[in-house]
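One chain, chain A, appears in both complexes that follow, with chain B as partner in the first and chain C in the second.
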Partner chain A sequence: MPSAASSPSRKWASRLFLSDYFVLYLSLAYVAILAPFLPTLLNPANISNVLSNLWPLLVVATGQTFILATAGIDLSQGAVIAVTSVIGAMLIAVTGNAAVLSNAPIWGVFIGEQGGILAGSIGGIAVAIAIMMLVAILIGLLNGVSVAVFGMPAFMVTLVTMIVIGAVAIYLSLSENISNLPDAFVTLGKGDLVSVYFGAQDESKIPRKIIYSFVTYPMVIAVAVAVAAHYLLNRTVFGRQVVAVGSNKRNAEVSGIPVRRVIVAVFVISAVCAAIGSILYSARLEAGRPTLGAGTFLLDVIGATVIGGTSLFGGKAKIIWTFFGVLFFVLLSNTLNLMNLSAFQVDMVKGAVILAAALLDVLRTRLTRELT
Partner chain B sequence: MGDLLAFEGLSKSWFGVPAVSDLTLAMRENSLLGVIGQNGAGKSTLMNMIGGIVEPTSGRMRWKGADYEPKSAADASEAGIAFIHQELNLFTNLTVAENLYIDGFPRKFGMIDWATINERTRHILGRLALDVEPSVNVGHLSPGERQLVEIARALHNEAELVIFDEPTTSLTPRETERLFETIATLRGEGRSIVYISHILSDVKKLSDDVAVLRDGKLVDQGPASDFSIARMIRSMIGRDLGGQFPERSNTPTTSAILSARSLSQPGVLQDVSIAVNRGEILGLFGLMGAGRSELARVIFGLDPHETGEIEIDGKPLAGGPRERIAAGLAFVTEDRRAEGLMLEAPIAENLALVSIDRFGKKPFMLVDRERVAEETEAMKDNLSIKAGNIARQPAKALSGGNQQKVVIGKWQMQSPKLFILDEPTRGVDVGAKYEIYTLIDRIAATGGGILMISSELEELLGMADRIVVMNRGEVVGEVGRDEFDRETILSMAFREVIA
Partner chain C sequence: MRSLTSTVTASLIALGGIVAGTSANAATICFAFQDLETEFWVAGHKAITTTLADQGHTVLERNANEDANKQLEQIKDCIAQGVDGIIVIPQDGESAVTIVKEAQSADVPIAVFNRPPTDTSKGIVVVADNKTIAEQAVDYIVEEALAKAPADKTLNAIIIVGDLGDPNAVGRKDGFYAAIDKHKDRFNVVEVASKWDAATALANLEAAVTANPEVDLLFTSSDFLFPTIRSVFEPRGLWKKPGEDGHVMMAGLDGDKTACQLIKDGYVDATGVQDLYFEADASLKAILAAIDGGEAQPNEVVQDPGFALTQANLGTDEMKMWGCVLLAGK
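This part shows the complex of A and B:
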């Protein structure tokens, strides 16, 4: 059989191209090429910033990876982030601002002048987080059951959930942010475990703004979620079932895979990951924001996942790919910002990159075909 | 008269396995060449080469004395060669006229010229004595009428050579007669025909010349008048009929593994009762649409049934495939690409799919990868699946026969009590067929029960202990191995169709 990989250099190139680490190499090459032109790129402050953008997106994209592995799509993740952000914040805010919120339907029910009904204790925060997860699980179940049991297309179902849940999020606080979140909660989004200070210690107290956080709570949470997800998807019976459903649904059904249960489960996983992302985003903002996850956020999530190499056609997904995809995507956004491009220009470039990623997926598939 | 189409040393191999080898054959102008051979003899590969779908590995084709190297189906159609396939290539959602003109609508002032199209279509349909309106959707036509529309398309494209591939499989006897009249009309217009069929008497009746293929080689040819049916069979098989199948190595018991009683589902099954015993291969025969595969899907829990019960080992079966697999059922479906395999996934993953629950280690149900590797490797050796590294090689890289072994193997991993095999040797080459038959015999010999569905009667005659015949959703007869007789079984299968 004639093979495309006849010459050694082409063989080497295609091995690189098909490697699990291809997108990581791509990211490193991207940084190496741009670093001389963008000196700020490798500044500790910027690296710290890149990392702080990386972790929440990684958690959300991890959830989306499970959905894409079954050849589905979840457009409602952004709305889940928004609604759980508002719900969490309204329960735990230390004080409520009557001037902003007094017309909102939640005012006087869940939140008042003296704060949210669960404000004031660590236990209250834990309960609020449990409620956020519960809301996410319910939305995930609604999506999953509609797709798996009633056989509606995932695109349609989650589009509707996105619109409706997104609207609920805005309605709850009448589009206002709910601020004054307790410190213990904010720590989850910003707190550092290891920070670095560059420079001489002239004063006994180093000003906060020149300490750069590297190991943070979001990092610990995101890495824990990603590692657990990696094992779940690649090593467990459930993970095999997810991939089997995405590879060939009819075959999975004939082979006795509980197809419906698997589909419901991935939608729940996706929503829960979105809610964990919501905690990280809300804590970082120190507010519950009903417009979190709106706009082109979905593009970031699905784009990063697909750039990593997870196929939109299902059956081909790895969490490590998603990690590298998110890394590349965050670097891309960051560098475009450093180039002083406007938000619109940034979106145009991002769109083009996702298109390139889709093309890459096709090329990779073709290469694998030639090599086997 | 010169040669219309000639092959000189034509060969094609797939993954090193020859499908057609060193074929040299010529057909005269305005003649009818009958081509016969078993499934896997190389007929379809030969036709695909003529049709520009498959490129020959070596050798050449000549068309009207000039070199002929079609690169696509359009090239073949351009040259004047038309195909009437077994599975018709019509757009059932479009009208008759649209189907005829799909590759180029005549236009008037930039708009599609419907008046001309309808007029010409009506003219062509008239020549074939097909009385339907050009504006009728093809989906509304009967199989026979659809075939005439295909022929109309060939006429529309001014085809000089029309190739029929098993044209009578889905036709009623009356429609078949009409097809033969149409073929006579085509010949009267000076067109040449290649006629491929399993129905040897038709081939003898219609042909001027006959060519017999076996294992990719031309093994016999000559004027049809020199061919008797017996000579055709001898040439096709090339050995005793018995040689195709392994000896059955056990006698079935009389204790039932599977018993289905009075299964009914409106429009699909009507009061079907069937039982498979331990160690028995039960053949299920019937024409297309007789309800064979539908019965299998009902038994396996993929499709619903309104009344009747199904028992395995005396216990009633309920639930979907998952519950029935747990009860000991296995189902090799007729469409292995769509329902039997994850084509992109490694062979080992395919083999472990059905039994994956078994490999989960508590508490997190992590897959015991070492045991998966061990057991899938053992299954590969056991079934002699010809593959390299099963942990990396995707299932799609295997030949049809080896793919089918993977499908059987993934069920074997679960040691089922009853195997339902729907067309187990479809798209499998001759050599691998024998291996699959041996495998089936081995399963029965170790006490398993087998429900084997096939459209190839020979296969059932060779393998089954008993044959049940279905017709239009009903069981119409049952024949024990001692009373096996082609004619009897075929007449049962055709009963209502003829009546």
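This part shows the complex of A and C:
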């Protein structure tokens, strides 16, 4: 007589629960349940919005996935976003506003009324982006070396980096935004490659000519980052080493894995992903902002990654999971807005969902152990 | 009987016309605000939402919790929901430009309430004449301070500056210097940054007063910082009424309830008043007119001239200040 544990329905449920696509199924079910009550949910305009909100978060969460895979955490991603946003903007801004920036230490050195020192120069934007990446790499190295070489806890190291680098971002511009970024840079955050015209819409009092963006530069950049990260994490020796370090650091060391080098590398990857996210967010808001990545941003990044199924305990991570997690998280935020809930209620629901995801992680880990 | 039937029919047609008229005029307005931290924003929020609801319009409220990216996403969500118009209190002047551009490119009329974009040529912009209002308030305390000081004494003045990414803060700072510069050789000025944040203002003001313990005059770019100023001044013996030893001439700007009480008590000497109700009314009228007129990209600047309430005109002008109206419970 077959036991309950081995019954076909239990097996099917276990397979579904442990599937790589579990969160995707959850997202589809969520949409199917809510769509009849929220008619706007499947509107082309709303789908376009969901996609535009998804891409920058996916890039940052991809970096966090590498860190969580090693059983670490990177709290400094928001600060990296802020500081690289200010640095990039101060170099390429077309003009500088003396009334706003004249007291800032960067004024007259990196930016003046004629704009940033790379403004208008050939390849200026590319050089600025390279500098943003370099700054991110240095911060990642600082975090990685502190954790891997000095054995300091990742939580404490990145908490301190978050505070210090966040303060540097604010100091550079004295907390002012740097606007007037060149169009070519702004295109990276909002430019369309393929957009669709659906004709005039007459739901509102004023008929609109609506063109929805579907294939955008942020999409191309985010997908490129995610595909490269997927290859690195799931198809290379380095990726297997990352997961092995997260599963059991001691075993990994004994097996000859260069644990320190792996840990330093994942912190660099995380910081670089944050800097790429910074490009997308700064371009989208058309300004370098020292407060980018502050507030509840980190909750969104870690929350989305964990919802996807990446384990907080390390040793279990896939970029495809992170993609599904970010999709679910963005859908959640979007639908809560469509329900006209207040910002406070939205954050409370988001927090509860992340807690549920962390609980699911524990249950899935336990179930995997039972089945193996 | 026929007459009665005709009367009833005519009444029903007339009622139908009224109902149809009301529903045709009812609009869905997205009201997106950056936060509700100060009395000014709370009162502005209440004035706008209550008036819209009373007129039969549907209001979708969005609070961005001081996150410019979140506010942009919320505005895009509102546009996707097919709102007829948007009223926004942006996080700062730069993000306001991006938001106005987003709404206008989707053919949704948008009004910016009180905190103007750095480019005021796009959208309906309702804003106070911050420079003039600040200058009027500071003029009063400057003249009073000079009248009480020995002719050869150089006075120490503090200005608490707002977030200079907000054009309102820039206007207020300019207004302060316009008044001070009339007697440039009589004042040493110390600038204290607040970033519109009470904790930042507290830390920076404590540092400034520790370094410069003798303060003759203070201007805060917003009234909401008076409790913060009190917490720094009181232990140092600088929170005094006129006539008491150590009284610092103080002025603010906004015209909130706290400022009204402090002016009445004598601790504060003047405040620049933004006409909150005028600004709320102007925003609503302009956005509803644009919707009714089918104007998708209305561009207009509506300026609130404001005024300064001082100890000298308190008796006559008190009830022109919105904070005093709220304080009186009206």
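Assume the second predicted complex is superposed on the first by the 355 of 372 C-alpha atoms of A that agree within 3 Å, B and C clash if a C-alpha of one lies under 4 Å from a C-alpha of the other, contacts with A are read in each partner's own complex, and residues count from 1 in each chain.
What we mean here is this: a residue touches a chain if its C-beta (ideal position, glycine included) is under 8 Å from a C-beta of that chain, and two chains touch if they have at least 3 such contacts.
A quick note: this is a predicted structure, and the numbers were derived from the prediction, not measured.
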Evaluate whether chain B and chain C can sit on chain A together after superposition, giving fit or clash. fit
State whether A:N49 touches chain B only (first), chain C only (second), both chains, or neither. second
Does chain B (first) or chain C (second) touch A:V83, or do both, or does neither? neither
Taking the superposition on A as described, I'd like to know which of chain B and chain C A:N337 touches: first, second, both or neither. second
Output check: A:T40 vs chain B and chain C. Expected answer is one of first, second, both, neither. What do you get? second
Go through the superposed model and pick first if A:N248 touches only chain B, second if only chain C, both, or neither. first
Return, as a multiple of 10 degrees, the angle whose vertex is the Cα centre of chain A and whose sides reach the Cα centres of chain B and chain C. 130
Tell me which touches more residues of chain A here: chain C or chain B. C
Who does A:V225 touch here: chain B (first), chain C (second), both, or neither? neither
Please give the least Cα distance, whole angstrom, that chain B and chain C reach in the superposed model. 37
Overlap of the chain B and chain C footprints on chain A, residue-wise? none
Complex contact set, residues of chain A against chain B: 1, 231, 235-241, 243-244, 247-248, 250-258, 315-316, 368, 372
Which residues, counting only chain C, touch chain A once they are in their complex? 27-28, 60-69, 72-74, 76-77, 79-84, 92, 94-95, 97-98, 106-109, 118, 163-165, 170, 193, 195, 291-292, 294-296
Counting only contacts in the complex, chain A reaches chain C at residues 40, 43, 45-46, 48-49, 52-53, 97, 99-100, 174-177, 179, 201, 203-210, 281, 284-287, 289, 291-292, 294-297, 333-334, 337-338, 340, 342-344, 347
In the complex of these two chains, what residues of chain B are touching chain A? 15, 300, 302, 321-322, 324-326, 331, 333, 338-345, 349, 352-354, 356-357, 359-360, 364-367, 369, 393-394, 396-397, 410
